[in-house]
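Common to both upcoming complexes is subunit A, partnered first by subunit B, then by subunit C.
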Partner chain A sequence: MASEGDRRAGPEVAARSSKIIGLGAGGARGVAIALASTVVVFVALGVAITHAPGWHEVRTTFFNWSQFRSTLPEISRAFLLNVKIFCIAEVLILVVALFIAVIRSLPGPVFFPLRALAIAYADFFRGVPTILVIAILGFGAPALGLKSVPTSTTFWGIVALVLVYTAYVSEVYRAGIESVHPSQEAAARSLGLTRWQATRHVILPQAVRRVIPPLLNDFIGLQKDTALVGVLGAIEAFNQSQIDVDATFNFTPYLAAAFLFVAITIPLARFTDWLIIRDRRKRQAGALA
Partner chain B sequence: MSALAVEGVRKSFGRTEVLRGIDLELAEHEVVCLIGASGSGKSTLLRCVNLIEPVDAGRIVVHGGEVTRRGVDVNRVRRGIGIVFQAFNLFPHMSVLRNVTLAPRAVLGLGRGEAEARARDLLARFGLADKAADYPDRLSGGQQQRVAIARALAMEPKLMLLDEVTSALDPELVAEVLEVIRELAAGGMTMLIATHEMGFARDIADRVCFLDDGVILEQGPPAEIFSNPREERTQRFLERIVAAGRM
Partner chain C sequence: MRAALIALIACLGAVAATTSAVAVARPLANCPTLHAGQLTIGTDNPAYPPWYGGTPPPGSPWKVSDPRSGEGYESAVAYAVATRLGIKSTDVVWKYVPFERSFAPGPKSFDFDINQISYTAARAKVVSFSSSYYDVNQSVVVLDGTPISKVKTLAGLRKFKLGAQLGTTSYAYIQSKIKPSTQANVYQQNASAIEALKDKQIAGLVVDLPTAFYVTSAQVSHSKVLGQFPAPTGGEHFGMVFAKGNPLVSCVNTALAKLKANGTLKLLQQVWLAKATGAPVLK
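And then the complex of A and B:
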């Protein structure tokens, strides 16, 4: 019955402390309530999991600290490949997607074929699962046996990720371009700037600034999806963890790999949130002025 | 040779015919004010002259060159025509100085030093010398509109089009912008001005044109139009303006 008593003690103590903290101040009271409910939820979850019938098994196969420590260095080294793939792909995506977004926003009937191509591209690569694009390119392209075509799995993995993510990111850019009021282009053109000069100096700088938060959101996805390149056989973090799992019959290396991914995606996610909040404050300040 | 000749210009948006045959000529150094109710076609006429809107019929000739002919280099035409909009339309991501130097540098290929020197002269002339480094959202409406005028003048246009440049301003900021325009007129700038400021039009214009339903119904010296309009519709328009306390 001791555990029952513990369960009850948690919220009571928390409630009492929230009363003490919350004297008068609404903000502090809010923090206390949030703290209390968080503690309740996690204690309940912890109790539920650790009291599950198979908990002992799971703890030794998934949460094995010595396994974690012994495999982390090797998985970290493999993870450098994920970082490399991510960095190269991100730069290429930023450039190519912007190019496609600009093509898609070209007006007039003359550019219809280019616009149609850009639309078809975005539709196709947003529709096919990333892992299929990686598999098709990674196994198919080297099989062509062309001398000038690299056979490196990393190379084709990057190409596949760039193709897929460029489709998404070009849509993000396009939304930004369309959000710039037409009067801005009219003002630029009225000064004698060509359409390209107006796009480059006036439209794009404003468009890109507005879409930085959604862009970062896509890059959080890209960081994770670098693990998919593992299906081609490149030894990146996921593949390395799989090798370790196979060697030891212990699943803790998966956790080590997950830990590494989370360690770089969470800071980026918080940074994105911060940018969104800052942007909102700025716009509200602008509306008040 | 006239500075601007508009001949039989027509323009429709969908089924609405906004300009129904406009004929208008401006001599060099002449200041012409367009007056008329909202929707009478004043803004559309200015936008057609600047080639922001293509005309459906008729010709527009600027300093002897037809700008409405097919295959004309619109960018070259616009260099010589400055336009200032009701809503300022400054570039919000650029400082005041860059707003003014962008076109001279990108279009005329001026060096940074020369473009900035020219821009600083213009800004100083309009009382904005200390605002060069500020961003547009830090400025009042009147300051923003003066920057917009400086931005247009930086291209050294021979013709200026002003599209209700004081309509978006708080009343106390109107005077500072009108002062700048008076200075331009005194300097001999040829200007076509769409305006609701009747007192200003009477002061500054060599000629006033009353636009009604897409045609110029009546035109003449301001004294004549404002004191002794011939057309009944002009009389009624001016009566409404007086009743609204705008004159």
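And then the complex of A and C:
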């Protein structure tokens, strides 16, 4: 629904912001139709599911409230490891990916080897499934038996996630850098800025601002993928829920883990939507002025 | 030696079949199987010794061992039970059933699943278990020459990082009995747990005793079974897993009781699990 601020900004913006949740722009009638059709669809689904022959079995094995309540605390504790992995990985990814994106945007034949490396890196790590990178690094690197190489599963889980997500995020940055018109750099250089100064003070600020929504999108993906680190054996939320499932043969702990992931990704998703709208409004305001 | 024992078991089976022909020829009407005349048995893939044996033929979907070989303890027990139910060994069908599918709600794709699954009261609320076909003890495998390899007591294990396979009662044992000061790790697969032990990501791997001897003899060189743990009160046993309320359970239980009474189970344990004795008990 459109907020008070949206309405002041004009009907077009209000309609756009209502698109966040996909209500459409049909006014009060549209809202009524959307509500009615939502109610019909959900009631029909609910009836179909609860009248399925296996519903009783599904309800006791997937929706067991006492099981949910008794396992949520320990899964929450394990979830702290997911949050830790996510926070450390996110900071590293933001820095390393920007570095790689800048390298890939370097012009001139001298920098070809660096550009080629950056391309090869992005191609490789976007192509290999995350879970394989985690398993190969997490079990392979410590197997070298080097004293200086840590054996910690969390460490290798973070390294693998950083490698994979940096490849994605560097592409996002690159798209941002390339979206800044070349005349901007030309103008900056004509004012006497060096190439580095132009990049740092003219290109990057514009580029990064434009790609904040897709960046956050990747971070929502990263939050979920912290569960993959579980293959290395550390007790994170997914492994803990699996332990609880296997102990009782009751699948409800999976729902508890899913609940925790959703509880942190939904706020981030809404925040992303809000940023997109705010950015669009700002740019439109700028165009009018 | 082993070949002779297998031959002996075959003879025993034949004798049992001829002497109690009435029992074996019992009509299967009381023991309905998924597909009439067939017994569909589930287990995980790869199937590991000493529970499964034999070499999978080229192109076989089974890895490491071949459940269809009749070799290995669980395979041998499954065929002995099938014979008791009056089902020819050629009518036994093996199906790949990952551990979590064995207890997932909904119709089952197998008559029973035999995959080193321990009976617990909580699990028995969701599926039906057969009676015990093996009373199991947990044990810990360590690398030779590491600090943990000098430990002699259960309490001595407390300060080491331990690991276990997901879904096993081994992990529950670590948490409830050993109570280590550092959080133990869990692994989705046997192979991952083995790799973690080799990499020293964990100091000790807690597994059931027969598996422990397979790990030390075939999977990890320079490793040893540090010891076995005293059984929890009431003991721990492996049971075959059935869909909750499957009437076939009582048929299989009758068969198992007979196999226990006539010494077949004990004999099969001597053939396939002989190594799994003689580890010191950690108290």
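Observations on the model:
Please note the rule applied: the second predicted complex is superposed on the first by the 257 of 289 C-alpha atoms of A that agree within 3 Å, B and C clash if a C-alpha of one lies under 4 Å from a C-alpha of the other, contacts with A are read in each partner's own complex, and residues count from 1 in each chain.
FYI, a residue touches a chain if its C-beta (ideal position, glycine included) is under 8 Å from a C-beta of that chain, and two chains touch if they have at least 3 such contacts.
Note that the structure is predicted; figures quoted are calculated from it, not measured.
Contacts of A:P142 after superposition: subunit C is touched, whereas subunit B is not reached. Look at A:H201: by the touch rule set out above, it reaches subunit B but stays clear of subunit C. By the touch criterion defined above, A:V58 reaches subunit C but does not reach subunit B.
In the superposed pair of complexes, A:S105 makes contact with neither subunit B nor subunit C.
Measured by the number of subunit A residues touched, the leading partner among subunit B and subunit C is C. Contacts of A:S70 after superposition: neither subunit B nor subunit C is touched. Interface residues of subunit B facing subunit A in the complex, by the touch rule stated above, are 50, 52, 74-76, 78-79, 81-83, 85, 87, 89-93, 102-103, 106-107, 137, 151-152, 155. Residue ranges on subunit A touching subunit B, taken from their complex, read 183-184, 186-194, 197, 201-202, 205-206, 209, 286, 289.
Of all residues in subunit C, only 99-100, 103-106, 120, 122-123, 125-127, 163, 166-168, 171-172, 183-188, 192-193, 195-196, 198-202 touch subunit A in the complex they form. Subunit A makes touch with subunit C in their complex at residues 54, 57-58, 61-62, 135, 139, 142-143, 151-153, 230-235, 239, 242-243, 245-251.
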